[in-house]
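Down below is the structure, laid out as C-alpha cells.
By letter and in written order, the chains are A, B and C; residue numbering begins at 1 in each of them.
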Amino acid sequence: MNAVSPSRAGWALVLPLVAFIVIAFLAPIATMLLRSVHDPEIADLMPRTRQALAQWDGTGVRQVAFEAVSADLREASATNQIGRLAQRLNRERNGLRVLIDVTARHLEREPDTKLSRIDPGWSDPALWQILARVTSPWTGRHLLNALDLTVTPDGILVRQEEARRLYVDLFLRTAWVAALVTLICALLGYPYAYAMAAAGPSLGALLLFLVLLPFWTSLLVRATAWIVLLQRRGVINEGLLAMGLIGETGRLDLIYNMTGTIIVMVHVLLPFFVLPLYSVMAGLPTSYVRASASLGAHPLRTFARVYLPLTYPGVAAGGLLVFILSLGYYVTPALVGGRTGQLISNQIAFHMQRSLNWGLAAALGTLLLLAVLLLALTLPRLAERGGLRT
Amino acid sequence: MNRLARFGFYLLCGLIAAFLVLPLLVIVPLSFNPEPYFSFTPAMLQLDPAGLSLRWYREIAESAQWRLALRNSLSIAAVVTPLATLLGTMAALGLRRLPTRPRKMFAVIIASPLVVPVILFATGIYFFLAPLGLTQSFTGIILAHTALAAPYVVVTVGSTLTTFDERLLRAASILGSPPLSAFFKVTLPLVAPGIASGALFAFVTSFDEAVIALFLAGYDQRTIPLQMWSGVRDQLSPAVLAAATLMVLLVTIVMLTTMLIARSARSAGAGR
Amino acid sequence: MLVACPKVSSAALLGLLITYGPACAADALTIASFGGQYTASQKKSQYEPFTASTGVTIKSVDYNGGLAELTAQVRSGMVGWDVVDVELQDLDRGCADGLFEKIDPAQLPTGSDGVAAIADFVAGSLHDCGVGTVIWSNVLAFSDPAFPGAKPSRIEDFFDLERFPGRRGLPKRPHAILEWALMADGVAPSEVYRVLAAPEGLDRAFAKLDTVKDHAVFWETGAQMIQLLADGEVALSAAYNGRVQSAISDDAKPLKIIWDRQIWNADYYAVVAGTGAKGRALDFIRFATDTVPLAEQTKYIAYGPVRRSSQPLIAPAIAATLPTAPANFNNALAFDAAWWTAHGDAINERYAAWLVQ
C-alpha cells in the first residue's frame, strides 16, 4: 500500500465499521465463549439450594439444604419451570428427571413432607455433591464434556463412559478431512492455476470464468447439483450402469457418506485455492524460468528448483485458506454427509437446535475457535520462516 | 515426449475444468423433469422434447412460499448491500490514513468475520440476540449479514486503493480543490470499480447466506437459501432444481456482463 | 403471531427499501407439522376448509417432532407457532413442562352421529393439553425391485443382511427402532419395554442395531424417507405407513409395506403456551378434529381417524390400508408413550451419540 500521511479523518472513517463489528460480531462471539463456562440456568432455578450448598464442605447434608431444595422445587412447580429443571438435571445425571418429577408432584400435594421420605434417592450423598456442583453458575464441565472428560462425584477427572465418547474423535475426523481436502485442492489447483497463468488472454479468461462460475454460485445450488450426480440413481451411477461397468447391485455409494462430504467440499473450496495461487503466478516474471531453461536445465528441474519455490507464497495462502474454511464447514456435510460425513460444526448445530445443550454447543465452539485462531496466527509465520530459508 | 506431456497436462486441466463446471450444467436439463424425482426419465434420455416439462418452474412461480422467500432475500440484501458498502468503503479509505499500529489492529478486527467459522457466529449471535428478542427478526439477520459482508468490501476497495496514486489528491489540493470536492472528483471515480465489486460481493454474501438464516429466521423471514435447504433436506422436489437453474443463469449473466464491462473499460482506458 | 408485526416494521424503518414487508395479516395462524405428504393431507382436509369458512389464513411450518424448537421459542420469548401437531410422548412431556395450553374436551363438537366428543374420541385420544387426530404406524417398507427373489416379510428380515442384502433406512430418532431391535433379537413384544428399561436391555438393542449400522442410511424427515425408498437409495427402511401408501397409490412407486410388528402411535393438535392467537387456535382445533375433516384426511394419507363417528365415512378401499384394518393389526404393538416420556432424554442422547460414533 502506498504511503499516506496519517490523519484524523482516518479514525473517523474506520471507527464506524470497527464499532459495528465489535458490537455485531465480536460481542456475539464473546457471548458464546462466556456460555461455555458460565451456565446459570440451574442456579437461577434453584437459588436457595445454591446458597445452602455454596459453602458446603461435602460431608453430612444439613437440614437447611433439604429445606432449600424443597422450597426451590415448590417454586419451580408454581412457576411451571419444573419440567425444565428436571430435564436439565437429568442431563447431569440420568434418572434425576424421574426423581424431580416425583418429588415435585408429592410436594404439590403435601408441601411439608421430608424429601427423604418421598424418595430414598435424596439420602444419597453423591446426589448432593452433584447438586452442589451444578448449582454453581461457573462451570468447567461443558469444556470437559467437549473433550470427552467428566468429573466423578468425588471430584476425580476421568474419561466419559464409552457410549458418550465422541467429540475427540470428531475433532480428529474434522482435522483429517480438512487436511485431505486441502491436499486434493492443492493437487488439482496447482496445475489449473498454472494453466491460467500460462495461457493466452482468451483461454486465460475462459479458465478464469470456469473457476469463478462455481465460486459465485450458491453453496446450496452446488450441493443440489452433486446430489443429482452422485446419488445411487444419479447421473454417474446410471451412466456406469448403461456402459455396463457396474451391475444393478454394484451401484456406488458416492454420497451421504464421507466420500460425498469430501467431493463436494473440494468442489466448493477449489476456487479458494486457485485464485490466490493464480494471482501469485500471474505476477511472476517469466525471465527466471527462461534463464534457467536457456542455461540448459531440464524442464522438470527448472520447475522444481526455480518455479515451484517462487509460487510457495500462493500455495501457502491458498492452502491455509482452504484448511481453515474446511475446519468450520457446516452446510455441505449437513446436506451430503449422511451419517459418517458429519463434522464438528454439525454437532454444534445439533446441540443448539435439537438437544438444546447450549453449554456444550458453546464449549465445542470455543475449542473449534481456538483451533482456528491458533492456525490462523501460527501457520502464516511458519510459512514465512520456511519461505525465508529457501 | 514433450508434446505428449503437454497434451496430458491440458487434458488434466480440461478434466479439472469439467469437474468445476459440469455439475452446475447437469441440473439444467433435470429441472425440466416432468416427475417429482431427481433422476432422468427414459423420455428425457431419448431427447424427446415431449418428455420435458415446465412443471417445476410453474410451481416456484406460483408458490407463495418461494415468492415470500425471494422477497425476503431481496429485501435483506437491499439493506445489507448499501450498509456494508458504505461502512466498508469508509473503512478502506480510512485504514491507510492511520498510523501502523492501530491500522494493523483494526485490520485484524475487520477481517475476523472472514476467518471465524460462520457456525460459531450463528451460535454466538443467537445467544446474543435471544435476550433482546431479536431472534426471528429481519433486524437480527440484517445485522449479522452486514457484519459478514462489510469485510469483503474493505478487501476489494482496499485492493483498488493500492494502485491509487495519492499524489493525484495532493495535486488536486495544490490546485485549490477543497478536500471533499477532490474526493468526489478524483478518489471516487478511481475506486468506483472496487466499490462496485465490493457491493456485488456484499449482495451475494447476503443473498447466499444460509447458516445465520437457519438460526435466526422464523416463518416470516424465510429466505431463498432456506427454501432451498428444506427443498434438499426435507422435501426433495425438482422445484429446487428449477430455482438452482435460475440462479446459475443469473450468476452467468452477471459475470459475463462484469467481464465485458471490465474489458471495454480497459480498452477505453488504453484508447485514451 | 401478533408479536411478529412490530418486528417487520422495525426492519422496514431500518431498511428504507423494504416498503413491502410480508403481509401482516391480523387473522393468521401458524401451524407446525411434519411436512411432506402428511402436511399436504392436513392442508386439504383441514387448513383449506378452515380458511374458506373463517377467512383465517394458515401459515404452515415443517418440523421434525421433538420439543426442541418449541422449547427454544418459549425460552427466548419469541413464540412463532400457534398450533403444533405433536406425538403423544412429546405432548405428555410438553404438557408437564408448561409448553402447551390446557384444552377442555367439553368444548369439542359432538360427532355427526350426535355422540358427545368425550365418548366419540377413542380412549387415550383426548389429553389435558391436546386433541387427538390420527392413528399412524411405524412399519417397515421396501422397494419391490430391490428384492427380485424372496421378499422380506418379518421384522427379523430387517437385520438379516445375508438373505436380504441392500441398504437399510433408519430414522435419526430412536423411537420404534429399539423396540424392533429387541423383538428381532427374540424378546417377546409384551416384554419389550421392561427389557429396554434395564441397561443390559438397552445395550442389547444397540448391539442389534450395530449389525446394520454400516449398511444404513439415516433420514430425518418422513419426506426424506420416501425419497430414499423411491430413488432406490435404500432397499428396506423403517417408515411411516401413510407416506408409503401415498407413494404407492398416488405416484405408483413399487413399494411394499410390512405390517409385521407395526408399532402404532397417535398425533395430537396442541396450542402453544403464550400464543397471541389462543382463541383462533382453539377454533381451528375444534374445526379440524370434527367428524368430517378427520374422515376426509384419510383420502390423502392412510392414517386412521380417532373419532368413532368418522369410521363409517371412510371408503372401504381406503379403510383396508389403515393401520387399524384387522388384516394389518394382528400383531401390532402400541407405542408406550409414557415409557418414552420417562426414558426418552437419556435414550435420545445415547442414540445421537451412537449416530456420530
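FYI, a residue touches a chain if its C-beta (ideal position, glycine included) is under 8 Å from a C-beta of that chain, and two chains touch if they have at least 3 such contacts.
Treat the numbers as computed from the prediction; the structure is a model and nothing was measured.
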| query | Could you give the fewest steps needed to travel from subunit A to subunit B through chains in contact? | reply | 1
| request: Quick one: point me to the chain whose Cα centre is farthest from that of subunit A. | output: C
| request: Measure off the straight-line distance from the CA centroid of subunit A to the CA centroid of subunit B, and report it in whole Å. | output: 23
| How many Å are there between the centre of subunit B and the centre of subunit C, using C-alpha atoms for each centre? | 38
| remark: Expressed in whole Å, how far the mean CA point of subunit A lies from that of subunit C is 31
| query | What parts of subunit A, by residue number, touch at least two of the other chains? | reply | 231, 233, 353
| query | Residues of subunit B that touch two or more other chains: which are they? | reply | 38-39, 233
| task | Send over the residues of subunit C in touch with two or more other chains. | result | 75, 231
| request: Spell out the part of subunit A that touches subunit B in their complex, as residue ranges. | output: 1-7, 9-18, 20-22, 24-32, 35, 188, 191-192, 195, 205, 207, 209-214, 216-229, 231, 233-235, 238, 267, 270-271, 299, 324, 327-331, 334-335, 345, 348-349, 352-353, 358, 361-362, 365, 368-369, 372-373, 376
| field | Interfacial residue positions of subunit C with respect to subunit B in the complex | value | 1, 4, 7-8, 10-11, 14-18, 20-22, 30, 35-36, 59, 61-62, 75-78, 80, 220-221, 223-224, 227, 230-231, 251
| message | Which residues of subunit B touch subunit C once you look at their complex with the stated criterion? | response | 36-39, 68, 71-72, 75-76, 78-79, 130-131, 133, 135-139, 142, 218-220, 230, 233-236
| query | For subunit B, which residues are in contact with subunit A within the complex? | reply | 2, 9-10, 12-13, 16-17, 19-21, 23-24, 26-27, 30, 38-40, 87-88, 90-91, 93-99, 106, 109-110, 112-113, 115-129, 143-144, 146-147, 150-151, 154, 158, 161-162, 164-166, 204, 207-208, 210-211, 214-215, 225, 228-229, 231-233, 240-241, 244, 247-248, 251-252, 254-255, 259
| message | Help me check something: in the complex, which residues belonging to subunit C touch subunit A? | response | 66, 68-69, 71-72, 75, 93, 96-99, 165, 167, 206, 216-218, 231-233, 342, 345-346, 348-350, 352-357
